[in-house]
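Each chain carries a letter (A, B, C, D and E) given by its place in the written order, and its residues are counted from 1.
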Amino acid sequence: MIRFTLKRLAIAALVALVVSGISFGLMFVSGDPAIAIAGEGATEDDIAVIRARYGFDRPVPVQYAEWIGRAVQGNFGDSIYFSKPVVDLLAERFPATATLGVLAIGVAILLAIPLGIIAAIRQNRLPDRAALTFGTIGQATPSFWLGLMLIWLFAVKLRVLPVSGSQTLAHFVLPALVLGYYAAPSMLRLCRAGMIDALSSDYVRTARAKGLLPRQVIFGHAIRNAILPVISVAAVEFGFILGGSVVVESVFGIRGIGLLAWESIARNDFPTIQAIILVYAMIYVWLTFLADVINAWLDPRIRVS
Amino acid sequence: MSTNTSSIPAAPARLPHPSPRRILLKRAREHRGLVIGGAIVLAVVLIALFAPLIAPHDPYAQDLSKRLLPPVWSEKGSWEHIFGTDALGRDYLSRILFGARISLLIGISAAIGSGLIGTTLGLLAGYFGGRVDSVVTFIVSVRLALPVVLVSLAVVSLFGGDLWIVVTVLSLLLWDRFAVVVRSATQQLRNQEFVTAARAMGASTPRILIVELLPNLIGPLVVIGSLEVAHAILLESALSFLGLGVQPPTPSWGLMVSEGKGLVFFDARLIALPGAAIAILVLGINLIGDGLRDVLTPEGRS
Amino acid sequence: MSVLSVRNLKVTIPTHGEPLHAVRGVDIEVGAGETLGIVGESGCGKSVTSMAIMRLLPGRISVTADEMRLGDTDLAAMSERQMADIRGDRMAMIFQEPMTALNPVLTIGRQMSETWMRHRRGSKREALEAATDLLDRVGIPHPRERLGVYPHQLSGGLRQRVMIAMALLCDPQLIIADEPTTALDVTVQAQILDLLASLQQERGLAMIFISHDIGVVARIAGRVQVMYGGRTVDGGPVGELLGHPKHPYTRALLSSVPRRGMRWGRDTLGSVRWSEDAPEASS
Amino acid sequence: MSDIVMELRDVRRTYRIGGGMFGKQRDLHALDGVSLQLRRGEVLALVGESGSGKSTLSRILLGLEAPTSGEVFLDGAPVASIRRRAFAARVQPVFQDPYSSLNPRKTVRQIIEAPLVIAGGVAASERLRRVRELLDILRMPERMLEAYPSQMSGGQRQRVAIARALISRPEIVVCDEPTSALDVSVQAEVLNLLMELRAEFGLTYLFISHDLAVVEYIADRVAVMQSGRLVEVADAEALFAAPAHDYTRRLLASALTVPAESSEA
Amino acid sequence: GPDDNSLVWSAQKELTAADTYFDTSREAIVVAQHVYDGLVFWDQEAQEFKPLLASEWRQIDPQTLEFDLREGVTFHDGSSFGTEDVVYTLNFVIDEKNGVLNYGDIKWIKSAEAVGERTVRIELNEPFPAALSYLALVLPIVPEGHFDKAETGSDGTKRFASVPPVGTGPYKVTSFGNGDTVVMEANEAYFDGPKGKPQIAKLTYRTITDAATQIAELMTGGIDWVWGISNDQAENLAQAPHLTSVNAPTMRISYLTFDLKGTSGTDVFTDAKIRKAVGHAIDRARIAKYLMGENSEVVNAACHPSQFGCTTEVTAYDYDPEKAKALLAEAGKADGFSFDLYGYRDREVTEAIMGDLAKVGIKANLRWLQYSAARDLIREGKAPAANMTWGSSSIPDVSAITSYFFGGGPDDPAKDPALQEAIRRADLSSDRDVRLASYAEALQLIADEAYWLPLFSYTKNYSYNAQLDFTPSADEMPRFYATSWK
């Protein structure tokens, strides 16, 4: 277990390193960042000053190494636009995104698992088709569009929910629904497939041959096996939800990391973009690790051996 | 030959097997989702191909005096502009018809690009295993750790929203599913005896990969390919919506939603129509993908 | 009086084309303390027959029989719920793959005790007692410790013993064993067969033993039925059947089985040839 | 030419296993010092329980795997010095699983002619002629040429696999449990066929099986394996009459066959 | 809303500071007008300067200004206002090292010193007639030592932008969220100056980046006031009974600028005939009417007509596609050509321009960028042509636009010595007539050569709660301190 953990951590660190290298490289292929940073009204001299101040005049690998060195200590430099530490910015913006993410994954799980199970039990019958249609439509609907439509319906016509912002929990209802619905279909399919596999497996046949009641078979035997992969996928899906929150945050005006990222891209705020990409990568890596651990914990074939 | 052969009437349960293609076709025809999806996609493909013939107007022709005309179903609408016009007085129907070209072009090109990358990586990893596999797995985790929307936004904002830049970015970011699926399919195939047999015949590795393995991957590739087409179309529309997709005045559906979103509360058709176009096309492609998966899965449990 | 009596069992499976008549009129009679062997080649309907008797086939598959009774219970007339009460209690089943037939995420103890608790309505402790007892009887060393163990921690032979113990837990009248040794090594196979035979003798069980291997059936069964294409084509006491096969199919089948002492050149194996060169159904 | 076509000398093969999520890596000796000679024209059977190393040995004979140590000779020449394709044309396999040993995406004709395509230098028309000829020898209807494996029965598939093995006129055919996935009646057919072809093509077989009755039926000599070692190699008749090794005796004892008194059919 | 006498106003901009020194956006100027006071006040209606923090001022000589300060003014933190604050503020911002972002608006100041108990003297680098305009709008006064509180950032620079705002203005900032919400409360102790006493008790600024969301919020009462929405949105919002929409003129103009040196990879625009052809090809009146609204007018000179020194009597390129084609033919481009057109604001306008150009055979490929990126490319001469806008920071003087772009600075695309000379003469003179004549000369030159192609003036759409007693002004400067609920 320790070996495994260490190995995973090493890989995680390597992934983070490569990801940050890619994002760092992006910044430099785009041309001289100093010009972008200098902003409106800058002269060649200003740019030279900035170049020296940020150290852009040194070789890229050196800069990268330094950046990494600081990033490891939690220092991502200062946001060019806000001229304050990126870390502070992230800390300010993270709660909104995290709230949205947790609610959305909650919505996704609450939609996906029961529907997936019912669909599998009633395979090829009406509930199954309904669940699959629901999922397919969810996958086909652009979330920005769904978001606008929901705002129109619930906030403008019915006036039961706020339009935008992140002040109260009510503000998160619509975005969490949109994002959750976006994430649910893949989990639903996985859950349904897992459940179908489980239901047609030999051990379920054994359980039925033992005279267990359908309820006991489904809850005692099938679900445990069917949900195993869903749980780890949910952890990974959570990472994707965070990554995909850019669109939803911008539609609903939630001032989270996603919106910050988008705006920072628009503002050429490189240190911020870079930090956000790295943070997302770390979250993803960490979540997959968590997923593996959960999986190992839930699956005795891995846990006990 | 000195075998004493007893002749027994054939067991009635043994029916002669129809050819695999016939079975597939039959199953495909009976699959409702596949038929609906196929009809949708076929319609969109025809629209895209013949857009210049069926579009009533030039999708780029502006007429500021005719801006934001209502569609034909509203009281003030006319048949001249069936879906009305946009903020620059361009015919909305024509733009939507031409938009099909952009969506399909981007979706298909990105799927082909990412398919090439993903399949190559997946094949190599699955077949060679060991260190090659570790390297590819690592590349896949790096790719998965990169947030797609963010990175493509960043790249497009740096290099501009040229159509081919968008396609390249999407190709570079959407290959992971190909790689993962091809890898595990190859791992299974690699241990099949026909691969061992090919090796025992002295077949070279490229021959095994391309002649023996690849044809067996066509099923999953087609399925993922179609789902990735849908994925790319959705992503492009999201990029365009955020203002960083293909550049105007190209009639891209995502861009049209983005342009119309300011008037969502007053002139809902502006976003409802292109949004619905995206949703319907993606739905159609997904139905095909899911349908193909059902049909191509060896035991289509039904 | 026979424990199980089935007459004219028919099973029809809907497919994309013609419905598949997997079983087309099979009669089965087994008495207490008797072992009936069923042999036949792959796809002839052996497993479907046994699943039909257990009423474990999915609802879309149609099962009909003129008679299907366990003791004096008419199985065909049972509701699904009543059937569940009978399964595992009065009739039990042992499957081919001990690897997959046990739930990988539940302990042996849990999987055994739930059967007992389902039918005997006892406490968990009693159930575990009973389970330990049976594990001991099927020759599993350290039975008490094994209760907390997961299936993957046991070897194939041990797993199949667990399956047997589980089937015997509620003292059924009838056991259906569907190729219980096919997945095992030759040496282990012999042990398991001996175990089954001795338990069956000891408890006076009625047992249906299904196999494609005539050698195995000959070793354990008293009476054999030969199935071909969903029908019983031949049957009778083992010695008689092997010695004087009535049906040409049985004769052909027997002639194709290599026996000890046969040598190519001196002896010749016969082979069954179908009158049409029709390909067989793939499984 | 010597009497010995193929020879293994003190061949060892170790696998690194474990090292999964939690486990530690360790070595598994699948073959542990095996020396074996294959004589021209004979049927050498290899028996032993599951995991004893039979398939590993066959893979080494087929040149699919290199031994960890030890040497393999073909006609006295070290296999390592023979070009891959030249070797492949002389030693061909028949595998156990008739379902997975044929590429499901290829027609029978493509499957059977593949060794010739790979070896190169044979015109398409000549290839087709030889495929036809073999199908005829194997008593398969010509319409099977363009059929796919999924349209054929297990026995037919195994015949296709045999045709594929024979088309390049090899000297040695390595059969790894070629009948254990087949029904008995089909098994008999395949066994008979293999033995007839031996005479016709002058083949040497290495025949792996766990079924002792089958081995007794066809083998000239028998090699018994136990956990990576050869415990006994003897003439078939001698071995079945008086097994020398304890393990062989155990194997024989647990074999279940139809009682001999009924063999009057 | 009116119930609790509060007002929520919204725009798309995210504020980084509440002063004009570290956030040059229009919204920051608006906030700064509420939180801070300058020395003087520009009365838009009366078109004259009025005393604000200065009670009186005089011009000692062309390069010296003197201000007497108002008595009894206190900052929001309770400290009293005096000469030291003015001297500190001005000397802080003119120090280039402090990196004030609107340094270009400030660099005419040489120094500031106290010359009496309540008198401050400002020395100028050179005569600068527009000084009072700048003092009124972009030079808010902060308390002495204000920026010393700044923390040091990881790159060693001071983070001046994050110092909590403290001013003397009619509103004090009670919370400066993440830049997306700024809450201000009425300053009860505000002196009785030209801004008057604040009437609305609580003023909240909310950043909403999405226009559709802004509108939804406005319709549902989540916000009371919004600006910068499109014409169509404003017209539609006007239908709602509880909302008022106004299309107000602004000082912003839209223009096309060209790569006059041929460094962008194409040299088509070095030919004045081509630039003029472009001018004749674009139907500016139509774009102004349909996309900007009734208050937009076609602009021919490189300035806004309301600015001092802006003449309208220059060569005009009226819509005439035939003439455009003829000019193209003359320039040897009868078959048209294609080029990259850069833009950053109001894509519909740029697209409409592209549509008009297409009609005479010129194919423009749109390159849509952020302002700073587009500006950089233009400066480096890498953009063949760009559709840009300029709002002159609402400074009612041509120096804020024409001089800025054609005075030889980094943004000057022409670097024409004759032009630079005329501008310099105008900039440095304090004689009204000399200035008017010299600017006219410069503007005529620009128009003749078509260095720029001014298009039309911008309008700004406001939409707000009908119960709000608010009047938009032409200088794009909402004055909430003078606003109340009906």
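Definition applied: contacts are C-beta pairs under 8 Å (C-beta built on N, C-alpha and C of every residue); 3 or more make two chains touch, one makes a residue touch a chain.
On a predicted model such as this, the values are computed, not experimentally measured, just so you know.
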item: Lowest number of touching-chain links that must be crossed from chain D to chain E; value: 2
item: Relative to chain C, chain with the most remote C-alpha centre; value: E
item: Computed distance of Cα centres, chain E from chain C, in Å; value: 89
item: Centroid distance [mean C-alpha coordinates] between chain E and chain A, Å; value: 40
item: Averaged-CA centre spacing for the pair chain E and chain B, given as whole angstrom; value: 47
item: Shared interface positions of chain E, touching two or more other chains; value: 210, 212, 216, 219, 370
item: Chain A, residues touching no fewer than two other chains; value: 148, 151-152, 156, 250, 266, 305
item: Per-residue overlap in chain B, given as positions that touch at least 2 other chains; value: 3, 17, 157, 261, 264-265, 302
item: Residue ranges of chain B in contact with chain E within the complex; value: 60-62, 64-65, 67-68, 87-88, 157, 160-161, 243, 247-249, 259, 261-267
item: List of chain E residues in touch with chain A within their complex; value: 14, 16, 22, 24, 101-104, 153-157, 159-162, 178-180, 206-210, 212-213, 216-217, 219-220, 222, 370-373, 375-376, 410
item: Chain A residues within the chain E interface of the complex; value: 35-36, 39-44, 53-54, 70, 75, 77-78, 81-85, 89, 92-93, 148, 151-152, 155-156, 159, 162-165, 250-253, 255, 259, 263, 266-268
item: Chain B to chain A touching residues, read off their complex; value: 33, 138, 141-142, 144-151, 153-155, 157-159, 230, 234, 237-238, 241-242, 244, 254, 257, 261, 264-265, 268, 271, 275, 278-280, 282-283, 286-287, 290, 301-302
item: Contact footprint of chain C on chain A as seen in their complex; value: 201-203, 205-214, 216, 220-221, 224-225, 228, 298-301, 304-305
